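Following are the structures in question.
You will see two complexes here that share chain A, one where it goes with chain B and one where it goes with chain C.
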Partner chain A sequence: MTDSARQACIVGIGETRYAKWGGITDASERGLACEAVQNAAADAGLDVGDIDGVGSFADDRNLGVLIARDVGMRELRYAGMSWLPGGGGACGALGSAALAVEAGQAEAIVVYRSLCQGQHFRFGSAAASYGQLPTPGFHQASNLLEAEMAFSLPFGMFSAPIAYAMVMQRHMHLYGTTSEQMGAVAVATRAHAQRNPRAVMHGRPMTLEDHQASRMVAEPFHLFDCCLENDGACAVIVSTAERARDLKRPVIRIAAHAEGAPGEYGWGPFLDTNGSDALYAGGGTDVIARDVWKKSGMGPGDVDVAQIYDHFTGLVLLVLEAFGFCERGEGGTFAASGALAWPHGKLPNNTHGGSLSEAYMHGMNHINEGVRQLRGDSTCQVDGARTCLVTSAAGVPSSAALLVRD
Partner chain B sequence: MSERYFPDLMPSPGISRESLPWWEAALEGRLVVQRCTKCHAERHPPAPCCKSCGSHELDVRDTAGTGVVYTYTVVHQKLIPGMPEPYVVASIELDGTDGLRIVSNVVDIDPSKVRVGMEVEVVFEKMSDELMVPRFRPR
Partner chain C sequence: MTDSARQACIVGIGETRYAKWGGITDASERGLACEAVQNAAADAGLDVGDIDGVGSFADDRNLGVLIARDVGMRELRYAGMSWLPGGGGACGALGSAALAVEAGQAEAIVVYRSLCQGQHFRFGSAAASYGQLPTPGFHQASNLLEAEMAFSLPFGMFSAPIAYAMVMQRHMHLYGTTSEQMGAVAVATRAHAQRNPRAVMHGRPMTLEDHQASRMVAEPFHLFDCCLENDGACAVIVSTAERARDLKRPVIRIAAHAEGAPGEYGWGPFLDTNGSDALYAGGGTDVIARDVWKKSGMGPGDVDVAQIYDHFTGLVLLVLEAFGFCERGEGGTFAASGALAWPHGKLPNNTHGGSLSEAYMHGMNHINEGVRQLRGDSTCQVDGARTCLVTSAAGVPSSAALLVRD
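On to the complex of A and B.
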């Protein structure tokens, strides 16, 4: 049992401006990372030198040991990198930081993500990351990921929308899910973004008709089923309850966190389309859902507001099902009922606008928004919100955290 | 001379010790799956060891080359010059295996006509003297 004085809490959140892909040209990705870390420290009322740990996920380019030096941390006592791939890792990196502060390894750990995608390859685009490959023939795979991609790239599975469109096509086949139901996810989050000045899509409202009329990317995904691609950075600071009470913000506990997937899931459907319908067309988050509820002693009925990772509209439905907000196969009906829309929905979701309409920060901004809700600072504030579920990307081994304000 | 469906610029497979036998078989026009020589468990994509018994002694066996479309997408992105637009990426459940699926394409059909459950058979596309890639067409 965790010593209650060392219970992990989020004491600070920070971000930079968010811009469209390639829109930030006057700062480096490394510089943005530093800015987000500094802003999170300021938000907490913490001297940046007092941060003594760094965490990130999915092979972050912005090496923690360098960011620690850049911003002037006095000591580095934790340097954690999560193996959860792609967008699956934000809550995992948060969870590992929580374990580290609870165990006494460090006192204040910053978890961050920085993206200047215009200056680097596009996340989620396999073809671009490997550049132009040699003329048809064999070549030696340079790493495990490229070796696995030998069974996807030669068949034109080049990008995340293709892989996850196939997952949703199966879901549609099994349960009758529709494009309009997926559109309800996009429309709700876009409406939330209209109240959030940080959102890249602020000032650009969207209707279900707009969603249906947007160009097709990979059926059933229209363009507006797919998340944005953005520049910016985002950070959270994890410390102990004891420290949190001395700082200037409300105490937000990480009441439970979980990560992983069934072992057979591997890297998920981007690289392997085997597995039962429940796994392949379920998004792989049943394991983390089970663990979050078990560790917290709570259930879906206890959640006031959710921030569910939305790389693609359809995968939000799978997470709603896995976490028990509705029955398996009923995610589309649940979303289309208006359940996800602030202020009247049963489960207001992605109240910042999510990856679809605030910014694509690989889910770190979902954690920030969870904290804002529990502080009472959201631009789509749920009255009296005390519990917020934050999840990372379905479709890869993923992670989730349940945030609570007592 | 086999028909061509995709351009020369399609990414070629990055070969590993695990995948080489599969691609060598494809070059001979054989659609295979990896098999454990000890317990005969099969898997795809191939791996260094058997997940059932742990053995590292693995080979491949021929399949019937037929299957059904488990799921698919019609892709409207043109990410490589010369790509057909649209084209179909599909997961094919292979007949005569324990439900093993491979990612491939459905060709020789109007993409809007592809359906889950459609019966298909393998057709090998010769990308070069060194590379044959299995696609699938309606049976």
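On to the complex of A and C.
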């Protein structure tokens, strides 16, 4: 660890209400972004005018410099977008903000995600224009990925569940992973959401039988293996350790962060060109895990609680394996053992309810929950939690961050 | 200065052919990007597979992770897009890459710009959809800016020359700046292009009389006050000083970089809400100049040669003032004195021909030319040049970098 005065820390978190897809009609994505930024500043005890940087990640439909102006930043010294498509970029954007703060480029950077999908092009939806360039709308990064799919779209692989289903089929073939084991991820997460009033699925408990009985979306994924789609926004503010100590919240260090992918699999299930097991068995996050442990000098045994990106239940298993919480191929057994469930599991995971049951904010809310755990005020609080791993996506270029409270 | 092993350096530069707007019809933007990346790797003496990061800036119509795959990177550890709209981001993207390399996130990051405007939505063109959200096409950042213009578009302020003309009108009013003084910028730059075979305006010399006789676009801007529009691509590779010393080119340090804008003017001429002279007299780059000099411990007297972003001649004057090469309001006199002309000027500027006469690559080619000067192989070589200032845009959130050869 470093204890330098400029060590990057998360000093504030904020969010708006979360609603189902299309559920927010009285505010714009831009307005929600500003609300989340303002809430994060208030949480930190920071004048929003003192924020001097803005970050987000690919597929953002807003423009950071306009958010900066709207909320009243007095000066802008950083504006960066992590270029990891889809959900891969939340921790990447956090990491890029950390680099800028540590280097002295800015003093306080807000990183946000805002979604009003009912008012815009829907992320991940199939369109007649797929495979053409240019593709319509703002859905830049993901649309460009989809435009790559000229050879797979005609055969029906036109959405994320279908593409990721193939990844999981391979994992099931290689290791005997079962639908019930994936269901354990969903059931634990839904249980956590029952204690979290922010969660879209609050008040809607679910059993493994419910999971098994839910309709099939793309084999092996049942409906309850797939994340929600939501409207809302959330934001975190990154500043220095020195500043963090002067503000009103506990000091949460960004101890390590990493992003990327191994080249051998061609960057994801939509694009795989050689069927390598680096994708089909590992989700491509092994290289990020390697960098996070190397930079932090820590390992899976040091982690008290995790917020693993849960676009689909099965991908959580692959990431747990890649980060060494269990052996390769043992993710299903690990989950089914109750390891991911609060309060008694070995590694309580997605204690807010995750993308499956709190809200699908492209992984930004996983960072917020990581901060809550280390502050000691999660609704599924892990006693004495000091270290939290947060990951963003798997199976596409991805990212991760290790948060530590000393 | 730092001499640490990880100090960020530019180890390679590359470009494709440059052509007039719509002139490249036998290659895509993505293909040109790959060609520029490959050329930069060859220039560095680096295996393209060893590049492990990719960067660009707002309005890029490609997706970095696909470029990374296309050129054959073996692993991706950084993908970032500077979020400064329009031409403001070239040095910002360079700076973000520098931060990532210095922090050890990646070992070699390529930053590129690629344009085939004839095949796509034209940057900066007016459209019936302006003022609506969502706007069409890929022109994300700039279109969002333009969507802000609901209160100015109906009065005819629908393009960059018109908006920036107002900035210059104010400068002329305050300081007595003249069209002939702006012409001195264009004439010097065109002369430089006559020695540069890459330049689109190579073989087409221009006098001040030609400048004065060219048609008015938006008063005070004549045609020859406005940059070109071009197709082509260019790229630079950022790596560590340690790596740079093992490669085949002279070691060029990124001694300082900065980005951003002061909040008081509302982020630019399209968006100005209060008519502050921070915009109208300074182009908003004062804060970047402050940070570049502070970080580098250098000042304008240390600079041997400059590549000042030249979307419009007059904005060059504002940036020269902001960086302290002359007093506020003296930019016109400075330019008219011959200060910007190679070989005898006090500060030879845009020795490649700039955006006015080499090519409009949104400022990326200014970085390439800065590297050429410090290597000693510009076609308008400044004897013994060791320090070059490069800037990206003015009047919108902007960026700058100071390059040094020790």
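Convention: the second predicted complex is superposed on the first by the 375 of 406 C-alpha atoms of A that agree within 3 Å, B and C clash if a C-alpha of one lies under 4 Å from a C-alpha of the other, contacts with A are read in each partner's own complex, and residues count from 1 in each chain.
The definition used in the following text is that a contact is a pair of C-beta atoms (placed from the backbone, for glycine too) under 8 Å apart; a residue touches a chain by one contact, two chains touch by 3 or more.
Predicted, not measured: the structure shown is a model, and the values here were computed from it.
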With the two complexes superposed on chain A, say which partner A:Ala165 touches: chain B (first), chain C (second), both, or neither.
-> first
Which of chain B and chain C A:Val217 touches, first, second, both or neither = first
Between chain B and chain C, which makes contact with more of the residues in chain A?
-> C
Based on the superposed arrangement, let me know which partner A:Ala42 touches: chain B (first), chain C (second), both, or neither?
-> neither
First (chain B), second (chain C), both or neither touched by A:Ala103 = second
For A:Met73, select first, second, both or neither according to whether it touches chain B, chain C, the two together, or no partner.
-> second
Can A:Met81 be said to touch chain B (first), chain C (second), both, or neither?
-> second
Identify the partner contact of A:Leu153: answer first if only chain B is touched, second if only chain C is, both if each is, neither if none is.
-> first
In chain A, both chain B and chain C touch residues 133-138, 140-141, 148, 264, 271
Touching residues on chain B, where the partner in the complex is chain A = 6, 8-16, 18-20, 23, 43-45, 51, 70-77, 79-80, 83, 87, 89-91, 99-105, 116, 127-131, 133, 135
Residues of chain A touching chain B in the complex = 125, 127-128, 130, 132-142, 146-159, 161-162, 165-167, 169-170, 173, 215-221, 264, 271-274, 280-281
In the complex of these two chains, what residues of chain C are touching chain A?
-> 28, 49, 52, 54-56, 58, 61-66, 68-69, 72-85, 92, 95-96, 99-100, 102-105, 120-121, 133-138, 140-141, 144-145, 148, 258-264, 266-267, 271, 287, 291, 295, 396-397
